[in-house]
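Take a look at the structures below.
What follows is chain A paired twice: with chain B in the first complex and chain C in the second.
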Partner chain A sequence: MTTLYDPARILAALQPAFADLTDRFGSRIQAIEAPRPNEVYLQVQMDLVSGLCAQLYRKWQARLVSVFADDVREAAGVFHVYYVLALDAAQGFFVLRVPLTPEQGKVVSLANALPAVNWQEREIQDLFGIPLGGHPNPRRCALHDDWPEVHPLRKDFDVKTALPPFQGERHKFRKVEGEGVFQVPVGPVHAGIIEPGHFLFSVAGEPVLYLQIRLFYTHKGTEKLFENLPVSHGVRLAESISGDSSFAHATAFCHAIERASGIEAPPRARALRTVCLELERLYNHIADIGAIATDVAFVVANAHAMRLKETVLRLNGQLTGNRLLRGMACPGGVRFDWTTEQIKTISNFVRDLMPEFDSLVTLISESSSTRDRLETTGILTPKTARDLGVTGLAGRASGFNGDLRRDFPHTAYDQVQFTVPVYQEGDVLRRMQVRIDEVRQSLSIIEQVLARLPQGPVQVKVPDLHPGAVALGYVEGWRGEIFHWIRAAGPQRLARCKIKDPSLQNWPALSEAILGNIIPDFPVVNKSFNLSYSGTDR
Partner chain B sequence: MFDILRKSLSTGIVTVPFPPPASSPGLRGAPEINFEEWKDARPATAICPTGAIAAEDRNGTRSVTLDLGKCIFCGLCAEADPAIRMTHKTELAMRKRADLCTTAKYALNSQGAQERLLELAGQEYIQGAPSSRSAGRRCSSTPDPRPSSFDSLGSDLQDRIRKTFGRSLHIREVDAGSCNGCEVEIVGLNSPIYDIERFGIHFVASPRHADMLLVTGPVSRNMELALRKTYDAIPEPRLVVAVGACGCSGGIFGQNYASLGGVDRVLPVDVYVPGCPPTPLALLQGILLAIGKGCQMPKNQVNR
Partner chain C sequence: MNSPELFIHIVLLLGLAPLVSGCIRNWKAKLQNRRGPPVWQPYLDLEKFFRKDMVISENASWLFRAVPFVLFSSTILAGLLVPLISVAAPLSMFGGVLALVGLLALGRFFLALGGLDPGSAFGGMGSSREMTLSAIAEPALMLAVFTVAIGARSTDLSQMLMAAQGPTWKLFNPAHVLAFAALFIVLLAETGRIPVDNPATHLELTMIHEAMILEYSGRYLALIEWSASIKQLVLMALLVNIFFPVGIAPIQSSAGALGFSLACLLAKLMALGAAVVLVETTNAKLRLFRVPDLLSAAFILAALALLSTFLFQ
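Showing the complex of A and B:
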């Protein structure tokens, strides 16, 4: 075992788990690095991964939050496959790093035990061409079936490669057969103003027997574009990973850069970031509450919700110059400070929004027909949610008691009081209720931050990155937990940026939640999750 | 029931007039370059994340283009270069892609800085001044009424489109690969604030019912076929509006192995709506421009 770390540096809360792992697997852990107290890298061989994960899951309640690969063949002659495990109680991460030779390396699937990694493992196969063994469904996912044999995230693949034009759909969906069973294909172009994806329903009469979801229609090479990108351009690209989470993704990216270079944004910047993150949560949650009401034909409520959403977007525009908060984030802090007047505007806004929002909630909750349509619709049971590793607001409506703002606080979340709503029922009503509760919490968080707004600079200079430096950045966006993992190529350039949007993890939950429901309820069930296609497809 | 009514009545009318009385306060719009005084384009081209400011040096001259079809209005160029400032102009839709671009040519000195303006927006400059006053770049203030894809088909078809769609228009929105930022704003057009239905414009569920395709996103390789099929399903005559920096040019994604770039790489486009994302008012302006209502900003004032 090489010891590239100072054991004392590892976060105290992680020490027991760390000691347990070294006790148990000691000699088989090839290297240990702890670039940050809560981010510990363990280099192991592939055959140890399932044992380590099992131990961390069972004994330390870890969650596997991201699985990805990195091409370091040029420097080290191997691919690296990473498994990021979050230990919520210990507020830390173990990252397993597995070197795989290009000739013999093979990813041994964990999908049978952990269905959450299904797409992530297949993505590694598609984008890096590393074979995948033992996967229950090892077909392509990120690159559709008509794609030629290319592996875009290999370093020797040029991002500008012009591929032959798309020839047509060749995907074979699974057959569902039986008396009276029909297939209903929907998409990729949908009826509403939403992103593209294909849903194939198998129905027997009204109820849905099976739903196959096919995504990655909006795959646009985002992770590849990060390769070799200057850090300053990377922030703008991060803002375009999922437009409705522009600020959360950009902040996760900046967080990764800051951790890699060993700095922290100054207190005032962290406070401003917190306000922006909450504003992003506000406009999305309010819009979704309205959209859920529309999908059960309560259009008036939506009209009011859209009106409130617009007030948030306008405030965003006044505070950051962009209605989606774009252009505000930058590594080392934020780009713009706010004047006393602007801060006053926010306080007034929060004060005015509270009664407006309450009245919207009253409107919806007093409509018994609305409640009737939402309750027991699209149930995701806590057990299924746990098995699938569903996170974020969808998880919290199904018993998942986790929120990075509380469990892994940075920005200013350790300085404010808030509660994390958790429900067990897992239906559309509870997913709406989580949003309603969180809107109220958001307003209170903003008030608390503004009441104790630190003075001082909003930006510090980010020192040059060491080539090869790696870091994990994370943010609880409105939808759930967002992770960015970066490896630096040079002082201000990136070699890799892995993006993990919570949608990727949560999509399969939709297939479960819709079972036994009728197709006409699909829009409202889908809306209640409101997952990002672009965040998934990248 | 009464509560619903009471709430609606007490809320009153919230719809914004169109055209709006003033542009939205605080929003970062298009950058504006003081081409006459511009000393060096290189800091701006280096910092611009989308290539919206791009320069090419050849034989001691530099040709620089500001392309609002690529710009995401991030303001980084203005931070890096005193000759650039950010305006509040956000309603910038144009019928021709080329009208979103302004090109200037400079003579360079030995350090590679710009010594003298030679040409701006097709207008020759002699000793830093336009060569002839009457042909100055501000002279053409009448907007070009022809959508580019109909150039060859003659103006009668153009008239027919206006007559056909002038009073009512049905739009099918297609996300051909966007980040969903544009969708956040397009949805807002149906809100009581922007109330697009007051213009007789409706979003419809099927392309068969549509007159116009509103397309967002760089066209991803995986969406190209679906986009073509949707277009083919729309009865003629039909219009296409490309939305956002990505729809106009591919935006920050540009062209790569998975992205074909702007919508016009796949379909004929009638109107381009810049922005990242365009505001609802910018979208309205673009949609109305496509059906011959409203007007575009005189081309040569866009960048000035």
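Showing the complex of A and C:
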């Protein structure tokens, strides 16, 4: 075992779990690195992964939050496969690094035990061409069936390669048969102004027997694009990963860069980031509450919600020059400071929004016909949610007690008091209730941050990155946890940027939540999750 | 019935129907703090649809093409059975309430076939939902109108109106209040309003009426949309005229009396439209499997109404 960093640096709360792992698997762990106190890398062979994961899952309540690969054939002659495990209670991450030779390497699937990694493992197979063993459904995922045999995230694949017109196989959907069973295909192009995704319902009359979701129509090779951009441009690209989470993604990216270069944004910058993250949460949650009301045709509530959302967007525009908060984030802090007057505007805004939001909530909660539609609709049980690793607000409506803001305080969340709403029922009503609770928490968080806003610079210079430096950046966006993992190539270049949007994790849950519901209830169930296509497809 | 009155009746049916739809749409928007489309928007829509080319599924048969015409003519015929501004409906000698219900059912039957014909999933869904719901809505409609028919001793709508204007008529007869409530629910269902259907949605999976006509475009769509608004006008006129027979011109009356009658009709339609708007704004759509409960309630109300005509005679 080679130790590249002083194990004493590891976060105290992680020590017991770390000691347990080294006791149990000591000799088989090839290397340990702790570039940051809460981020510990363990290099192991593939056959040890399931044992380590099982131990961390069972004994330390870890969650496998990201699985991805990295092509380091040039330097080390192997692919690296990473498993990021979050220990919420210990506020730290264990990252398993598995070297795989290009010739014989094979990812041994964990999907049978952990359905949560199903799509992510298949993505590795598609994008890196590393074969997948023991997977229950090892079909194409990120790249559709008609793609030629190319693996875009390998280093020897040039991003400018022009591929011939696709002539491969069409996707074969699973057949569901029985008397009176028929299929209702919806999409990939939809009636609203939304992104593409194909939903194939198998129904018997109105009740849904099975729902197959096919995504990745908007795969844009975003992760590959990061490898060709200087870091400063990468922020702009991160903003466009998922439009409604622009600031959260950009901040997660900046967080990763800052951690890789060993600095931290100054206190005032962290405070401003916190306010922006909460503003993003505000406008999305309010819009979703309205949209859920629209989908049960309670349009008045939506009209009010849209008006409130517009006020938040205008405030965003006033504060950052962009209604979606783009252009605000930058590595080392934020781009602009706010004047005392602007700060006052936010305070007034928050004060005015509170009663308006309360009246919107009253309007909805006093409508018994709306409640009747939302309650017991689209139930995602806590067990299913746990199996699928559902995170974020959808998870919290189904018993998942986790929020990176509380468990891994980033930006200024360690300075403020708030509670994390958790419900067990997992229906549409509870997913809306989580949003309502979180809007109230957000308003309070903004008030607390503004009340104790630190003075000082809002930006520090980011030193050059060490080639080979790795870091995990994380942010709790409004939808759930966002992870950006980077490996630096040069002072201002990245060799790999892995993006994990909560949508990728939560989409499969929709197929489970809709089972047994009737087909006209699908839109409202879908809206209650409101997952991003773009963030999933990248 | 002479030809000028027939002419006026048809013009009213064709010309007034889009306005009623437009008013409801506009008022709904106003209640939601939106500006909303102008009340004459449905006319512009119709004009646009008539100008546009049609896209017709290659799987569609002749039936698909026949549906708009059958629907349109059956709806117009149904409209000619209902007195609008004169107690004498142009076609009243041919049939009464039963013919009205039958003609509306004929139109619906063909519309459902039109939804099924191109073989798209949404059309079939819409057709099956529409037929399921109408199986309960139709009896409720018939029972409710029979309540009034028993009082008038005729199923002919003109006869019913004349009886309504007679001296023995009581406006707030309990039987009539119940029947009116039943018919109001039927009106919401038949015209695809919240809480039964949402005419403004873009979500195909939740649609009923709109799902059936998704495959239609251009002139055919115009005919179907126009029929839908005529059907709405006919049902609304039926409701206001048989329960509130105020100001309707008697047979062979002067132009002045007809004008007054028209003003009364417009006022009553506006009041009823406002009621529809209020219901649509304050309610969410019912879960699809709850709609039969609502329609059963309408049926029970109508049955009670029928019963009480005998009790309170």
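The rule we apply is simple: the second predicted complex is superposed on the first by the 533 of 538 C-alpha atoms of A that agree within 3 Å, B and C clash if a C-alpha of one lies under 4 Å from a C-alpha of the other, contacts with A are read in each partner's own complex, and residues count from 1 in each chain.
In this section, a residue touches a chain if its C-beta (ideal position, glycine included) is under 8 Å from a C-beta of that chain, and two chains touch if they have at least 3 such contacts.
Note that the structure is predicted; figures quoted are calculated from it, not measured.
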**OP:** Based on the superposed arrangement around chain A, label chain B with chain C as either clash or fit.
**Re:** fit
Subject >> Touched chain A residues, chain B compared with chain C >> reply: B
Subject >> Partner chain(s) touched by A:Ser369 [first = chain B, second = chain C, both, neither] >> reply: second
Original post:
Thinking of the overlay built on chain A, is A:Ala191 touched by chain B (first), by chain C (second), by both, or by neither?
Top reply: both
**OP:** Once the structures are superposed on A, label A:Phe182 by its partner contacts, choosing first (chain B), second (chain C), both or neither.
**Re:** second
**OP:** Return first, second, both or neither, reflecting whether A:Arg307 touches chain B, chain C, both chains, or no partner chain.
**Re:** both
**OP:** Based on the superposed arrangement, let me know which partner A:Tyr533 touches: chain B (first), chain C (second), both, or neither?
**Re:** first
**OP:** Classify the contacts of A:Glu206 with the two partner chains as first (chain B alone), second (chain C alone), both, or neither.
**Re:** second
**OP:** Would you sort A:Ile519 into first (chain B), second (chain C), both or neither based on which partner it touches?
**Re:** second
**OP:** Note down the smallest distance between any C-alpha of chain B and any C-alpha of chain C in the overlay, whole angstrom.
**Re:** 5
Original post:
Which residues would you name on chain A as touching chain B in one complex and chain C in the other?
Top reply: 191-192, 300, 303-304, 307
Original post:
Considering the complex alone, what residue numbers of chain A touch chain C?
Top reply: 182-186, 191-192, 206, 293, 295-300, 302-304, 307, 367, 369-370, 372-373, 377, 518-523
**OP:** Provide the residue numbers of chain B that touch chain A in the complex, in ascending order.
**Re:** 3-4, 7-8, 11, 14, 24-28, 47, 49-50, 72-76, 86, 173-188, 190-193, 203, 205-207, 217-218, 220-227, 230, 246, 251-253, 255-259, 276-277, 279
Original post:
For the complex, which residues does chain C have touching chain A?
Top reply: 28, 31-34, 121-122, 124-125, 194-195, 198, 200-206, 281-290
**OP:** Under the touch definition given earlier, write down the residues of chain A that touch chain B in their complex.
**Re:** 144, 147, 150, 152, 157-163, 165-166, 168-169, 188-189, 191-196, 216-222, 224-225, 232-233, 236-237, 240-244, 246, 287, 300, 303-304, 306-307, 309-310, 313-314, 317-319, 321-324, 326-327, 359, 362-363, 366, 532-534, 537
